[in-house]
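When the chains are written out, they are named A, B, C and D in that same order, and each has its own residue count from 1.
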Amino acid sequence: MPFSEFETDVIIRPDDIDMNSHVHSSRYMDYVIAARYDQMRTHYKMSMSEFNEKGLNWYITVTHIEYKREMKMGDQIAVRTKVLEASGAQAKVGFKIVLKKSGKSAAEGYFVYTLINTANGRPVRIPDDVVERYSI
Amino acid sequence: MPFSEFETDVIIRPDDIDMNSHVHSSRYMDYVIAARYDQMRTHYKMSMSEFNEKGLNWYITVTHIEYKREMKMGDQIAVRTKVLEASGAQAKVGFKIVLKKSGKSAAEGYFVYTLINTANGRPVRIPDDVVERYSI
Amino acid sequence: MPFSEFETDVIIRPDDIDMNSHVHSSRYMDYVIAARYDQMRTHYKMSMSEFNEKGLNWYITVTHIEYKREMKMGDQIAVRTKVLEASGAQAKVGFKIVLKKSGKSAAEGYFVYTLINTANGRPVRIPDDVVERYSI
Amino acid sequence: MPFSEFETDVIIRPDDIDMNSHVHSSRYMDYVIAARYDQMRTHYKMSMSEFNEKGLNWYITVTHIEYKREMKMGDQIAVRTKVLEASGAQAKVGFKIVLKKSGKSAAEGYFVYTLINTANGRPVRIPDDVVERYSI
């Protein structure tokens, strides 16, 4: 497997907390999306806006989240992601949200992203130079 | 005052509720914004997307919200808005969020909107035909 | 299969729209959660707050969402859900988000909910009277 | 004026961005709320949860936001806040959201917070030891 795992710290905000006094379930997804944005720019050296400038965009096709532990206001957390496979127009990205204090997992799962040609909204084969950048 | 007051029902969603088990303060703003969108289309017969097609956009310049009562999951609410004044590039819109069961106010305040030329991001005088449509 | 499918209309709000001018991916989850809340109260005659009063709570354990089509501001949508199976402490709920104009699916998938004893945070077997209420 | 100004970095997330490709207006409020949470813990050494343990809570009574500049994905921002006055049950907190690259203001305004007795939901005079902690 040529793909590396990257980690991004995420700060829990009060507006992420729901009536059960823990992070609302849909915000787990937003934390992973935020981590990928950061990692695209920081590690792959190709931010989402660079994709957009080339007439490309990554759309989310599948999200699968398994909730393991709750996260509370003040918890220190990080999101680890790793490309699991990439072929055709799609990349499958595994993730884990980690409670930094205990090292335990708050959630695990994967997202499938599809590369889209912005002009016509159709899937487009991931260019070789992108695969190369991601193969670190 | 030639401007009318309009009312839009808003449904409280679980993701609007915060750690205090009531609607989170920033969602009050989102409810007012949602109501204005609805009212632009329904009452002024000129939706936000029609503005966008003309190269125009309404940006929010000031929001002032006075919180009167909490809103809880299951509460029936409505947002009433009314243009208070419109001159130059700006429209000042007053609002009230009403708890329908008691008729009492959950919040009151005003937003100042500025009409923007999308091409250059600069404020643009509200066209006469827009003022006319809003003068109902 | 003794379980019925229920449908709830959801209103798309401007704050649900992201930089791609369509509904943000995590809001799909919020729409399903909102629909379930509504259906618990309306169809099962046992709202989330009634569960809470009995010292019970439904926590989300798995979310699986397959994104089929984008939703835009102004689209009329509905969320259909159906219990697929219920055993032990868990209920698996299938869902479909439908674009009402075309009848086409914007997303499909399932959520696994776990019934929790609020006092100790542990899973608790779904009581018979709850299974009965859900078996409509 | 015995009150200090504090600064907290905030990370812009993709889910904060709206159809106009900039930070959605209600998220400005969430950034200020997040900064205050951080500053209560870090600078006043009295976090929101410590207030809650004493049967107290800070509710937002007024928010006034003047939007000066847009914030985009990738912008480095910080929120500066300062208690402007505190008397009876209320504290008025001024804020400025700053674009770190240019030093320019993205927004300015104030929030009025009211201290609440959690048991009965009524306003309660800010205790002397809290005023003292805040007077740094």
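The rule is short, and it goes like this: a residue touches a chain if its C-beta (ideal position, glycine included) is under 8 Å from a C-beta of that chain, and two chains touch if they have at least 3 such contacts.
Since the structure is predicted, the reported quantities are computational estimates derived from the model, not experimental observations.
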Relative to chain D, which chain has the most distant C-alpha mean position?
C
Taking A-C as the reference interface, which entry in B-D, C-D or A-B shares over half of its contact pairs by residue number?
B-D
In whole angstrom, how far does the Cα centroid of chain A sit from the Cα centroid of chain B?
34
Cα-centroid distance, chain B relative to chain D, in whole angstrom
24
Take the average of all CA coordinates in chain B, do the same for chain C, and state the distance between these two points in whole angstrom.
29
For chain A, residues contacting two or more additional chains
14-15, 26, 30, 33, 73
Residues of chain B touching chain D in the complex:
20, 25-27, 29-30, 33, 57, 59-67
Chain D contacts chain C in the complex at 14-15, 17-19, 21, 24, 26, 73
Touch list for chain A against partner chain D, complex:
10-11, 13-15, 30, 33-34, 37, 41, 47-49, 73-74
